[in-house]
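Next, two complexes with chain A in common: one pairs it with chain B, the other with chain C.
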Partner chain A sequence: MQISQDLIGRLEALAALRLDAQERESLCADLGRILEYVRQLEQLHADDVDPTVHVTPAQQPLRRDATRGSMRREDVQRNAPDARDGFYRVPRFIAPGEES
Partner chain B sequence: MDPATLTLSAMAQQLHAGSLQPTTLVDACLARVAARDERLHCMTQVFADEARVRARALEADTPGGPLWGIPWVAKDILATRLGRTTCGSRMLEHFRSPYDATVVQRLEEAGAILLGKSNMDEFGMGSSTENSAFGDSRNPWDPERVPGGSSGGSAAAVAADYCGFALGTDTGGSIRQPAAFCGVVGLKPTYGRVSRYGQVAFASSLDQIGPITKCVEDAALVLQAVAGHDPRDSTSLREAVPQWGTELESVPAAPAAVRVGVPRNFVQHGVEAAVRADFAHVLDTLRAAGASIVDVEIPHARYAIAAYYIIATAEASSNLARYDGVRYTRREDASDLGELYARTRTLGFGREVKRRILLGTFVLSSGYYDAYYLRAQKVRTLLRGDFDAAFAKCDILAMPTSPTPPFRLGERTQDPLQMYLSDVFTVPANLAGLPAASIPTAVVDGLPLGVQIYAPALEESRLLHAAAWLQGLLGFERLTHRGRA
Partner chain C sequence: MRYEAVIGLEVHAQLLTQSKIFCACSTRFGAAANTQTCPVCTGMPGVLPVLNEMAVEYAVRMGMATACTIRQRSRFARKNYFYPDLPKGYQISQFEEPLCTQGHLTIETQAGERTVRIERIHLEEDAGKTLHDQDPDSSLVDLNRTGTPLIEIVSEPDLRDPLEAHAYLAKLKQILVYLEICDGNMEEGSLRCDANVSLRPVGESRLGTKTEIKNLNSFKGVEAALRHEIERQAALLDGGERVVQETRLWDAQRGETRVMRSKEEAHDYRYFPEPDLLPLVLDAAWLERVRAALPELPDAKRERFQVQYSLGRYDAHVLTGTQALADYYESAVAAGGEPKRIANWVQTELQGLLNARGIGIEASPISAASLSELVRLIEADRISGKMAKEVFAEMQRSGEAPGSIVERRGMQQISDRTALLPVVQQILAANPGAVEKYRDGKTKLLGFFVGQAMKATRGRANPQELEQLLRESLDSS
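So, the complex of A and B:
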């Protein structure tokens, strides 16, 4: 299967990845070959087969509605590249004046 | 005799008899690491000081259960408060978990001593441990060859006698294939048997944690310690945990009429001559010992690799979306938030991870979902039906673990599809959620080979009994010690 520049560009945008020209070319070739292999699934007659989402019986376990301890925020945020006053800091993505 | 070379069971026996002390054992294991790991590079981190402190603390107390005082190694995908949890990735190079995974906590409570963390393919994606951001691991039997993957560091660490046992994770064969390549035992439990709380997620409908050990009895002891429901993992099963360790103390010399199913059509293709001959020898051995060999069909197994690489990549693309440069240590600064996400992910992930994220994004994208992802999920249903039908005719299934002996470093890195095909005999167990184990069979041209046993869901007892019986018939233990000496 041929992966067009257009398609790989769309996948990069969806996956938040940005490949350079060389990486893009070789990954396009790899993906094309893998999808070619995967195409054998087309031979399968499976119209009336139910999909398996999970191999174990679906369960929605209930628990007592009671407060429990949890991890401390500062312990979790120790891994943040930039956190202050309990918040994660990121570059501004709402222009001034757009806040409300 | 160097106590590091003992099996876990033998270590435990001597620790309980008082003829071996935890501190002596830890020192012996650390000495093996120091002597060999520069060459083999199984470990991402070694907790020498912490392990010695813990051994001394245990020593001041009375011996506990069978894992008391046993040094062990965790695949670096398991969250530990000690050290870092890197997942073999630049993305998590400096990540320190604020909590221990449930399995780590259970082993801690059982008195085991965490010695360090093992190298792995980045996020579990690979079959050779060549996709680690921190360098390749080597096979202790031949350092020019790969230890398998993705739990290659764990399997090699056990084979090189760094520890009593290791934990690995298995999404498509990542415990069993490296176990076979390194001449040790690897067991993937039934999906849901072991809590995955604190296992960094790769493909959530397939991932499972399991033991890598020097013999089958050891695998039973470790599995017993880590298995069982955990309220923090809602996919963990509410099933009682059998006393697998004790059960194996009474393995009958010749169990009555075991029926061993062999999916001949499936195991005929793409299997190298040495593996084919070894597998034939294993079947002869079983037959001679009184087992009946039954031909079975798993007709949809030929679609397993295709289905697996759709489902696993789709789930990975979703699970790895969390690495965005905001919460998990690594960030590439940018003035724009979208740019920050993309730069962090592009520079933080290795090539194979990016390949799989893109593939997973593709199969989930609109217009392709039905043709790929939905179809792959239907293969899972068909495959489960195949296994149900097969297990109506036999007690266990046998097949090679890997179609080839351990391959050379670099041999497959340029051909991802070829690398994926090394999982052909292991992925069906993950797709169907079945327990399966690889046990060593023989050493051919200096390289270990393995055979794999499948059992029905939740039949780990049957799996372990069959594996222990076969281990006895093949007498592999002597070979491993000669090979690893």
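So, the complex of A and C:
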């Protein structure tokens, strides 16, 4: 499969990245090589092998349903670029009247 | 052209766990913004999620209650998208191999019972909450809700009209509340619903193009939004236009759906297996324990009520509406009294009182034992049905026991013929004209005499005895 500029553009949008022409070029080549590698893997006969979901042959440990104290808001929000009245403040991302 | 609607619902239910699905922060509703978060639910680098066993059990309960196949091995996936209320940039959900699949439930429609198939029920985490009305050019985010456990219940497109959709949603809510795994409150967002709707000409088996409607945050909203969307699509098709596959938002104020521009871009969630969580494996013995601990569910309870208490389907349906109401009814019956009579009192007088006060049965000012006592007073002929209503009114005011009210107010019914006879004689003597008319064939006047006698006894005369005595006295001589 050929990696087109269109596909790169779409991946950029989905990953919220902004690439310059040179980065696009090199990413195109890298992704092409990855796909080529996958094509090689596809030649293996793996019909009777269960898909690997996880590399660790263990099961999910479960946690008892009990609360522990949360972090202080001041501490959590130290990473926040902008906060107001205890809320994270972000650019308005929904048109008026579209609140859901 | 006549169209048939094809509707499927995706319902999200918040699970009533103490802590979040992957961390130990509280899920309590209504705390100050961002006071119930930690590095796990705010998506800090390097943290690992640890699954809450109660969330798993609750999801399994719902799967079992809706006859799903419970997968003993299921797995989690990342659903990738950027949104300010999703700090990790992905939601941990289930995609392939969800916990529960292929279930169904039964709804009551005007055309009788219908089975609605459930495609899947899976576990996932909730996102945060955003406020858009505080500031003209910014949105505010509260991450307390982030990581609250949800189950998503996806129906097959088996629903055919807005009423069926309403009935299905109501049934889901009823089961969730019976199972005590969700409070079912749509207005507060603990139960949320999206709908997929398409139309096709009646008789056609292929599906038409569907739209997805969001923001259905009340039972009325679901019905109204579907009705509107069906009309909108029908008008498009009739006009020779095509329905565009898109996400639409229901505006309850304006009573219309419109395109949700912020989500216009086609979604590509790029699901992949969640590397931070191992496959969830449930052992058979654990599943059996969960199954054994399931409460009696609404349908089974209704059927039992019909048989055990000789109730009609409707009565049994109403009385098993909630676990609390059913429990109330059963403890009243256990305390004594004819089940059908108690059913009537619960559904009319008691329900009327609760509705008027806007409270649930849990807060009933009249206990099940008191209601039973009242019914037994009627059955023992100590008070008439009419007097019982007076006693009932007094009970709700003062909380006093019915026996004590009857005693204190001297409300004992007069059933003794020797005590009633003088009253009857006096009434007849005082109304010679009416007596004559009655004897000439105007037997409808019996009601008049009953009324007079009731007045004279301040309503205490036993109506059956009184009527019989009046008849005897009037018909003799």
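Everything that follows uses one rule, which is that the second predicted complex is superposed on the first by the 81 of 100 C-alpha atoms of A that agree within 3 Å, B and C clash if a C-alpha of one lies under 4 Å from a C-alpha of the other, contacts with A are read in each partner's own complex, and residues count from 1 in each chain.
Convention: a contact is a pair of C-beta atoms (placed from the backbone, for glycine too) under 8 Å apart; a residue touches a chain by one contact, two chains touch by 3 or more.
Predicted model only: the values in this text are computed from it and were never measured.
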Contacts of A:14 with chain B and chain C, given as first, second, both or neither: both
First (chain B), second (chain C), both or neither touched by A:41: first
First (chain B), second (chain C), both or neither touched by A:50: first
Partner chain in contact with A:29 - chain B first, chain C second, else both or neither: neither
Chain B versus chain C as contact partner of A:71, first or second or both or neither: both
Touched partner set for A:63, first chain B, second chain C, both or neither: both
Chain B versus chain C as contact partner of A:86, first or second or both or neither: second
Chain A residues contacted in one complex by chain B, in the other by chain C: 10, 14, 16, 53-54, 56, 59, 61, 63, 71, 76, 79, 82, 88, 90-91, 93
Residues of chain B touching chain A in the complex: 95-96, 98-99, 191-192, 205, 231, 234-235, 237, 300, 302-303, 305-307, 309-310, 317, 321, 324-331, 334-338, 340-343, 345-346, 349, 351, 354-355, 357-359, 361-362, 365, 371-372, 374-382, 384, 416-417, 420, 432-433, 457
Of all residues in chain A, those that touch chain C in their complex: 10, 13-14, 16, 53-54, 56, 58-68, 70-71, 73, 76-77, 79, 82, 84-100
Residue ranges of chain C in contact with chain A within the complex: 17-19, 24-26, 32-39, 42, 44, 50-56, 75, 80, 82-84, 130-143, 214-215, 249, 251, 260-262, 265, 268, 270, 273, 275, 277-281
Contact set on chain A toward chain B in their complex: 7-8, 10-12, 14-19, 23, 27, 30-31, 33-35, 37-38, 40-42, 44, 46, 49-56, 59, 61, 63, 71-72, 75-76, 78-82, 88, 90-91, 93
